[in-house]
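Same chain, two partners: chain A is paired with chain B first, then with chain C.
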Partner chain A sequence: MASMEKRLQKELQALQRDPPVGVKVDTDKLTSNLSEWTVNLTGAPGTLYEGENFVLHFKFGSRYPFDSPQVIFGGANIPVHPHVYSNGHICLSILTEDWSPALSVQSVCLSIVSMLSSCKEKKRPPDNAIYVKTCSKNPKKTRWWYHDDQV
Partner chain B sequence: MSNCRYTAVATWRWVANDDNCGICRMPFDGCCPDCKVPGDDCPLVWGRCSHCFHIHCIVKWLNSQQVHQLCPMCRQEWKFKE
Partner chain C sequence: MGNCLNTPTADDISLLRGSDSQDGSETANLGPPPPYQESVPIYHPSPNVSRTVTQLTEEEQIKIAKRLGLIQHLPTGVHDGCCKKTKECVICMGEFILGDRLRYLPCMHSFHKDCIDDWLMRSFTCPSCMEPVDAALLTTYETNN
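Then we have the complex of A and B:
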């Protein structure tokens, strides 16, 4: 078994044994070598996204965890948030330059739930229209500019 | 008793501040995913920040970093503990 698969196997076991609130792996949609995951997120109580359901797609390359996974929102409900583009791409530094191999599916999901939770106003990023028209399908190919730690 | 036989058994453990490597998530008493046998061929190393990893795991991470070499756990600059 490849080392990426071994590590993902461990993560899956831990997530199923002890799932964090609002994070649920859709085990029916796992691919056989675990290179693609679908995770269902629920907006935290007391936040603008309370009770909303979201779908996150993870794609892992063979160099995971040394390389970050590709993470995008999918499905019908893409959260309206200043760091989430309407095509599901997420502007979050831990998904690119601040990635660490100590991070995991669980910590990425919790960071995203917490990013949603701290939002004060539901709106799209200011450059949404142009970004969605011109970006690559893979958000890891975007040169992100991280400028706002407030949300 | 005149016919006394015994079988000696020894165990060993790495003395680490955690049970699992934070990079590969394998137990420290096991080896990294690229090795087959735990022990001296797959040793642990410590950083000055006191975090500990399989040497193969941390070296793979450091080699993949062009600009800064940071500890995966605490993001301080990685220096091997002497």
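Then we have the complex of A and C:
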């Protein structure tokens, strides 16, 4: 078994044993070598996204956890958020330049949940229209210009 | 576990082997490894960038040589089974087993040697605390000399 698969196996076990609030792995949609995951997120109570359901798609390369996974929102409900483009791409530095192999599916999900929770106004990134028209299908290929973290 | 186990003698060559050292076949490699492998080494001058030697710029080659040199200065050891220390390698999420080769970073975080060396070739930061390793290393040198 490849080291990427071994580690993902461990992550999956931990997430099923002890799932964080609002984060649920859709085990029916796991691929056999675990290279693609679907995770269901629920907006935290008391936030702008309370009760909303979102779907996150993870894609892992063979060099995971040395390379970051590709993570995008999918499904019918893409959160309206200043760091989430309408095509599901997420502007979050831990997914590219600030990635560390100590991060995991769980910590990525929790960062995204907390990014949603701290949002004060539901709106798309200012450059949404142009980004969605011109970006690569893989958000990891985007040279992100990280927006101000204060939002 | 598994691929993170390393024989005490299978040393830094594993680093040069790049991505091929990551599959499970590694544990069969007893004794000193042959100096060169047939497979083309893959280098990672920065995270998410993969190149073979011929694709590297001169600047990147120097960076890699320096990086290898710096990594050699970081202390290594063998896990002695002491339960007070860190129990798990955050990179492979495998438990440290008695006899595992470990590498210790100046910030006191420890990892399997193979796991952390692979990461350090891409990014000279501690995966656990994101502390840049080279800066910390230089400070250690200054206080020691």
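Just so it is clear, the second predicted complex is superposed on the first by the 150 of 151 C-alpha atoms of A that agree within 3 Å, B and C clash if a C-alpha of one lies under 4 Å from a C-alpha of the other, contacts with A are read in each partner's own complex, and residues count from 1 in each chain.
Methods note: a contact is a pair of C-beta atoms (placed from the backbone, for glycine too) under 8 Å apart; a residue touches a chain by one contact, two chains touch by 3 or more.
This one's a predicted model, so the numbers in the text were calculated from it and none came from an experiment.
Peer 1: Quick check on the superposed pair: does A:K6 touch chain B, chain C, both, or neither? Answer first, second, both or neither.
Peer 2: Touch status of A:K6: both partners.
Peer 1: Classify the contacts of A:T96 with the two partner chains as first (chain B alone), second (chain C alone), both, or neither.
Peer 2: The answer is second: A:T96 touches chain C but not chain B.
Peer 1: Which partner does A:S86 reach: the first (chain B), the second (chain C), both, or neither?
Peer 2: In the superposed model, A:S86 contacts neither chain B nor chain C.
Peer 1: So in the superposed three-chain picture, is A:D67 touching just chain B, just chain C, both, or none of them (first/second/both/neither)?
Peer 2: both
Peer 1: Among the partners chain B and chain C, which is in contact with a greater number of residues of chain A?
Peer 2: Of chain B and chain C, more residues of chain A lie in contact with C.
Peer 1: Which residues would you name on chain A as touching chain B in one complex and chain C in the other?
Peer 2: Overlap of chain B and chain C footprints on chain A: residues 1-3, 6-7, 10-11, 63, 65-67, 100-102.
Peer 1: Residue numbers of chain A touching chain C in their complex, please.
Peer 2: Against chain C, the touching part of chain A is residues 1-4, 6-7, 10-11, 62-63, 65-68, 96-102, 104, 140.
Peer 1: For the complex, which residues does chain C have touching chain A?
Peer 2: On the chain C side, the touching residues are 1-4, 19, 22-24, 44, 47-48, 50, 90-94, 115, 118-119, 122-123, 125, 127-128, 130.
Peer 1: Within the complex, which stretch of chain B touches chain A?
Peer 2: 22-26, 32-34, 57, 60-61, 64, 70, 72-73, 75
Peer 1: State the interface residues of chain A toward chain B in the complex, per the touch definition above.
Peer 2: So the residues of chain A touching chain B come out as 1-3, 6-7, 10-11, 63, 65-67, 100-102.
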